[in-house]
Amino acid sequence: NRPFVLLAGPCAIEGEERVLRIAEKVKEITERLEIPYVFKSSYDKANRSSIESFRGPGLEKGLKILQKVKDKFDLPVISDIHTIGQAESAAEVLDIMQIPAFLSRQTDLVVAAGKTGRVINVKKGQFLAPWDIEQVVKKIESTGNEKILLTERGVSFGYNNLVVDMRSFPIMRDTGYPVVFDATHSVQLPGGAGDSSAGERKFVPYLTRAAVGAGVDALFMEVHDEPSKALCDGPNMVSLEDLEELLIKAKAIDEIVKDI
Amino acid sequence: NRPFVLLAGPCAIEGEERVLRIAEKVKEITERLEIPYVFKSSYDKANRSSIESFRGPGLEKGLKILQKVKDKFDLPVISDIHTIGQAESAAEVLDIMQIPAFLSRQTDLVVAAGKTGRVINVKKGQFLAPWDIEQVVKKIESTGNEKILLTERGVSFGYNNLVVDMRSFPIMRDTGYPVVFDATHSVQLPGGAGDSSAGERKFVPYLTRAAVGAGVDALFMEVHDEPSKALCDGPNMVSLEDLEELLIKAKAIDEIVKDI
Amino acid sequence: NRPFVLLAGPCAIEGEERVLRIAEKVKEITERLEIPYVFKSSYDKANRSSIESFRGPGLEKGLKILQKVKDKFDLPVISDIHTIGQAESAAEVLDIMQIPAFLSRQTDLVVAAGKTGRVINVKKGQFLAPWDIEQVVKKIESTGNEKILLTERGVSFGYNNLVVDMRSFPIMRDTGYPVVFDATHSVQLPGGAGDSSAGERKFVPYLTRAAVGAGVDALFMEVHDEPSKALCDGPNMVSLEDLEELLIKAKAIDEIVKDI
Amino acid sequence: NRPFVLLAGPCAIEGEERVLRIAEKVKEITERLEIPYVFKSSYDKANRSSIESFRGPGLEKGLKILQKVKDKFDLPVISDIHTIGQAESAAEVLDIMQIPAFLSRQTDLVVAAGKTGRVINVKKGQFLAPWDIEQVVKKIESTGNEKILLTERGVSFGYNNLVVDMRSFPIMRDTGYPVVFDATHSVQLPGGAGDSSAGERKFVPYLTRAAVGAGVDALFMEVHDEPSKALCDGPNMVSLEDLEELLIKAKAIDEIVKDI
C-alpha cells in the first residue's frame, strides 16, 4: 500500500535538448508533489502504423541520451526493447525494461529481458485477457527474475477502439506483482487516423482518476511540452502544463483508496 | 458539482418486511454519511433469462409496498416500468421512473414515461454507444420533460460479458444531464450461469471507486441483507454489511473529483 | 435438409400500392427459382433511433394490407409485434410472428406470441450469445408452441458496429429449431448515422453467401424497389434489381451444403 | 477469379517422418481434387501462451526438413519467421514467407521479409481492423515487393475468443491483393485453456464454407494425422481423415462464387 509511482516522458526521444527539458520539468513537479518518478522515452518506434512514421534515434544514440537523463537528474529510466539483441545493451542503462504490448507473447524476447535482471514492465497485449498475463509472468519468472510490473493499456473493443476494463487491475494483481495504468496509450484509437493512430487526450484525466480509484501501483503517461508538434503520439500525450493538476487529484484519490 | 446521490435497494420486492428492513438500514447509513438517498426496488422482473425465474409481486402490490417505504421513511423511490400501460399508475408512486436497458430504444415506452412528468432514469442499453443516448434524450425531451438521468450499466463485450467504459460518463454528460453508475448490474455476466446471469460482486468496489473517480452524479446499487438467499441478482448484489465502507471511500473520492 | 426459405419484403409498410408491387415482384422471382417465399413487412417501427423517424401505418391498417398480400398473391406473411396487446390481432393475419431483437428477452411478449400458436421467429438480441437463445426457446416452449425459428442478425462489436458470428448457426440449431440469417440488418451500423442507423448494403451478398455456406434454413432480407427513397433502413435494403442474382448464387451454394 | 489454393500442413514440424507423411497425404488429396497446394509447417512456435510449450526443431533443422518436402514432393512451402535475422536463410527455402499475426505491425520484420523478394503472407493481427492492413501492405511495397497475401485469422471479440468478420475479405481485397482464410486459427479460443489456447475444431467446416462463400483466394488450414496427439494446436487442427470431404464442398462453393 505505497503511493503510486509515475512513469512519464515523451513518446519518443526526439532530441537531447527536448528530452532533458521534459525530464527536468517533470522532476520538478513530482518532487513538489512527492511522487516517485521514473523517466520514460523510446529510442525506436518499431511498430508504427505506417512506414513513413518517425522512428527515433535508434538504440545507441537513444541510450546515451537516457544515460544523460540519469546522470543529470538522478532519475531512474524506463524504455522498451523490440528484439532479443537489444536486451543486453539496454540493460546497461535502463532501470526498467519494457516489453511492448504487441510483443507481450514473444517468448524469447520476454525471456531475454528477464535474464538481464532488470525490472521488467510488460504491457498487456490488446488481445489478451487480464488473467492471460499469468503465463507471461511465468515466462519471466523462469529466468529467476521476479521484478515484474504489469501494465494495462486498453483491450481491443471492436475496430479502431480500445476500452480499459477496470477489473483488470485486481485480476492482474492476483499474480502478486504491481500493476500500472498506461493513461495515454489507453486513449488511442488504433489506426484511427488511417496512417497513424488517433487519440483522445481529453479522456486522460477521466481514465486516470478512474484507474487510481480502482487501485494501481503506478501511472504511466506520455507527456510533452508541445504535444501538437510531437513526432509521435501527439494526439494522446498530456501537455506538461496540465500534468500537475492531474497528478494532484490522482495522488489525493490514491491516498483514499490505500488509506495512506 | 454536487455530491453523488445513492439509488439503492434490493433487486426485487421480495416481500414487504424485507423491503422495509433494507430501506431502514440503508437510510440509517446514508444519513450518517450525509448522502442523499433514493430507495430502489422492482415489482416485476420482466426480462429474466429463464421462464422459471422469480418475477416479483407485480405492479399493484409492488407500488403499495413502495408507497409504504415513502410514508414510513420519507424517502423518494425509483422503480422500472416495462410497458406503456404501467406508466400512469407507476407515476402516482414513483419519484424516479426507470427505463430498463433492453427497452431503452422503445420509443413509445420512453415517451409514455416522459409524459408522466416524473424524473426519468434511462439505463443505456448494452448495445448502445455512449453518444447514442442523445437520441433517447430527444425522445424524452419531445414530451416537454427535461428531468432525465442517464445510467451506465456496462456494454456488451464478447459473449456473456460486459465492460464499463469510463469514457461514457463524460460523453453522456455532454447531453447536459446527470450521469449514474449502476455498480451491480455492471458486474453481471449476462447469461453466464446458463439459465440466469452470473455476477462478480467482488468487482463492485473497484468499479464503484473507478466510476466516482471518473466523475458521476449518482450511484445505483442493488443491496440485500442476505445476497446469497436473494430471489434475483444475488451474485452481484452488495451485502448491507459492506455498504458503509464502500460509500465512505466513494464519498471521499467524489469530494476530491468535484473539489467539494 | 430442405432448401432455404426466403423471408423478404420492405422494412416498413410504406403504402398499399408499394407493398403489393414488391410482393408481386419477389413472388415472381422466387417462383422462377423455386424458392419458398414468405412476405415480410412491418406496420410499426417501434424502436427507431430517433423520435423523428417514420413509424408505419400502425397495427390495424398494416394488418389489412398484409391480408391483401395474402389474398392477392397466396403468400404467407411475417411481421413483428412489439407489445403483448398486439399478439392476438396480429395472429389473425400473420403466419409467422416475429419478436424483435431488442425485445428477445421480454418474457411476457415472447410468451404472448407463443400462445397464439403461430410460428414464432425470434431475432437473437445483439447482446446475446448464440447459446443464450436456448432460454428464449424454453419460454416459447412453455406455452406448448414448438414452431420456432431462430434468427441471427449480428452481435454487438464495439460501438456502432455489428459482426455476424457464423458459429451461431450450428450453435443455435443445436436447440433443434431452424435457423435464419437476417442479411440486411446484419449490415447495419447501429446509430452510425447519428439520428438513424447507417448500413452497408454492399456487404449483403458476401454475408449472404457466407451464411448459406455455413448452413441456414432460411434467409431474411429487406428489399425495396427504390432503396434510396425508402422511409426506413434504406442504406441496408437490397434493391429488387439485385435480388435474383443474389438468390441464384445462394441457392446453388445451399444445394452443395445440404447435398440436395 | 481463379480456384482457391490450399496452404496446409501440421502446426509445427514435429519430426521429419511425420512431416513427409502428412505432405504426401495432402498432396494426394489435392491432386485428386485439382487444388493447387502449398505445404505449411512451422520450425519454431515463438509466441506460445506458456514457457512450457513445445517450440519445434528451430530454423536450421526445420528448413532442412521443409527442403526435403520440396525435393521429394515437388511442392512449394510456406513457413513463418519471427525475427529479422531469420529472413535471409528462410528465403533460401520458403516460397511463401509468413508474418505472424502478433508481429504484423513490426515494421522491421515486415520490411526484412519484403526485401527477400519472396511472396509474403501477412496474418492480420487480432487487434487490427481489415482496413488497417493497407498500412502493412505499404510497408512491404516500400521494398519493391508486390507479391503479397493477406490472411484473416479472426479478430479479438471479448476475452479468450475470436470472431471471423466475413466483411474482412472484400475489404482486404480492396488493396488489390489476394485474401486467405485461416480456418484453424480462427477457431482458437486464445488462452482458453489457461496455459495454452483451446480450440473448437468442430466449427472449421462451417467457417470454411462461409469464408469460401464470401469469396477467398486461398484457404489456410493446419492438418494432422493424429490431432489429439499433436504437440501444438491439437484442439483446432483438422484430421487428415476429414480433409477431403471439407475440400470437396469448399471447391464446389468456390466454383459457384467465382462462376468457374
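Order as written gives the chain letters A, B, C and D; numbering starts at 1 within each chain.
We take it that a residue touches a chain if its C-beta (ideal position, glycine included) is under 8 Å from a C-beta of that chain, and two chains touch if they have at least 3 such contacts.
All values derive from a computational prediction rather than experimental measurement.
Novice: Quick one: compare the interface residues of chain C with those of chain D and tell me same or different, with half as the dividing line.
Specialist: same
Novice: When I count C-beta pairs in contact, which pair ends up with more: A-C or A-D?
Specialist: Comparing A-C with A-D, the pair joined by more C-beta contacts is A-D.
Novice: Return the distance between the CA-based centres of chain C and chain D, expressed in whole Å.
Specialist: Chain centroid spacing, chain C to chain D, equals 36 Å.
Novice: If you average the CA atoms of chain A and of chain C, how many Å lie between those two points?
Specialist: Distance between chain centres, rounded to whole Å: 48 Å.
Novice: Once you find the CA centre of chain A and the CA centre of chain D, what distance in Å lies between them?
Specialist: The mean C-alpha positions of chain A and chain D differ by 33 Å.
Novice: For chain C, give me the residues that contact two or more of the other chains.
Specialist: Only 157, 159 qualify.
Novice: In their shared complex, at which residues does chain B touch chain A?
Specialist: Listed in rising order, the residues of chain B that touch chain A are 157, 163-167, 169-170, 200, 202-203, 206-207, 209-215, 249, 252-253, 256-257.
Novice: What residues on chain B touch chain D, complex-wise?
Specialist: Interface residues on the chain B side: 157-159, 161.
Novice: Quick check on the complex: what are the chain C residues that touch chain B?
Specialist: Contacts found on chain C: 46-51, 55, 82-84, 102-103, 105-108, 111, 125-132, 135, 138-139, 142, 155-156, 159-160, 190-191, 195.
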